[in-house]
């Protein structure tokens, strides 16, 4: 049974994970995935393994830096299901803001995200993240 | 006294409720209201009863589908008050994003929402939702 | 050790604090700071003391009223660290929406915020808030 302690743990996990990403710490972000973790942009792209996730994230961080913008991720309220003793399925909406040096704010297409989180050595890790963009048909 | 267990329960209630709405499941959304529940867009419109809420929601879902967009609801931090043993008063800001097929994101006017939640048969239900849009005077 | 009870307490503190601000209750907002509290817009501006924070907030509320808009603050997921028994360090992203009377919604530049919260007489208060705007270099 999921409870308030697990809810806090998940929200804190996401806060640390996404502040790492938004702050440009690609390896720290990748380290929130299992060694065999996957990041899927359904249906077009999939990155398998923590090392590959780190490399892909590093490229994204560099693109953001070269564009001279700040990207931030915002998560909606998560629906949490415990699927077995050490596995959680979490679904939430997400959106990325882009702030330019002149202060303009735009948003990238909204998404639904499904995460499979696992507990290893008493901490949560992301096993599979699947992102469904709202502007992509049949996602 | 409201506590972290109640906080988690409310946030999970809202996550399920609004993912139902955003996913187009009008009846599931309506089922989060009491049979005698009301949805009020103050001061212009009020829908009374779960069946009428389901019908009005179905029309909204259909309009969204015909427009070829995805609407998502985002809730700000809730202020929670327990008004009696089985009744909670929750106030939060909310905003709806609209993502088109070409990836453009806009936002509908922000709102303040006040919910009266009641506990029936050991689960939360929405008794009255009152939405105050920020672009409507004297709301 | 931070736990779910503290998480709930912090989120409720922020909900009350920011609904006060967005609702135009400048003194109530200022009262969420310690008497010797500081509000810092790094690196350009700093306001020291609850009375000065109340005065500066009142001016902001009046500007918003004269502009005929509604401003709302939205907080991202907080990373929470307990730095000693009665002190918490909280970091989160934040963004302000502006809704005009014709329903248009825009966003001010996104920020990272760091708060030092302290417990006094068994309630949380904001000791120092430091806002780093994403459109300001070397912030």
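Every chain is named by a letter (A, B and C) in the order it is written, and numbering of its residues begins at 1.
We take it that contacts are C-beta pairs under 8 Å (C-beta built on N, C-alpha and C of every residue); 3 or more make two chains touch, one makes a residue touch a chain.
Every value quoted in this text rests on a predicted model; they were computed, and no experiment measured them.
K.L.:
Which of line, ring, star, complete or other matches the graph of chains that touch?
P.N.:
Shape = complete; every chain linked to every other.
K.L.:
When the CA atoms of subunit A are placed over those of subunit C, what is the turn angle between 0 and 180 degrees, to the nearest 5?
P.N.:
Rotating subunit A by 120 degrees superposes it on subunit C.
K.L.:
Hey, how far is the Cα centre of subunit A from the one of subunit B, in Å?
P.N.:
26
K.L.:
Which subunit C residues touch at least two other chains?
P.N.:
As it turns out, subunit C has residues touching two or more other chains at 4, 7-8, 74.
K.L.:
Would you mind writing out the residues of subunit A in touch with subunit B in their complex?
P.N.:
2-4, 7-8, 74, 76-80, 91-93, 95, 106-110, 133-135, 137
K.L.:
Which residues of subunit B touch subunit A in the complex?
P.N.:
4-5, 7-8, 11-12, 14-16, 18-19, 22, 70, 72-75, 97, 99-103, 105
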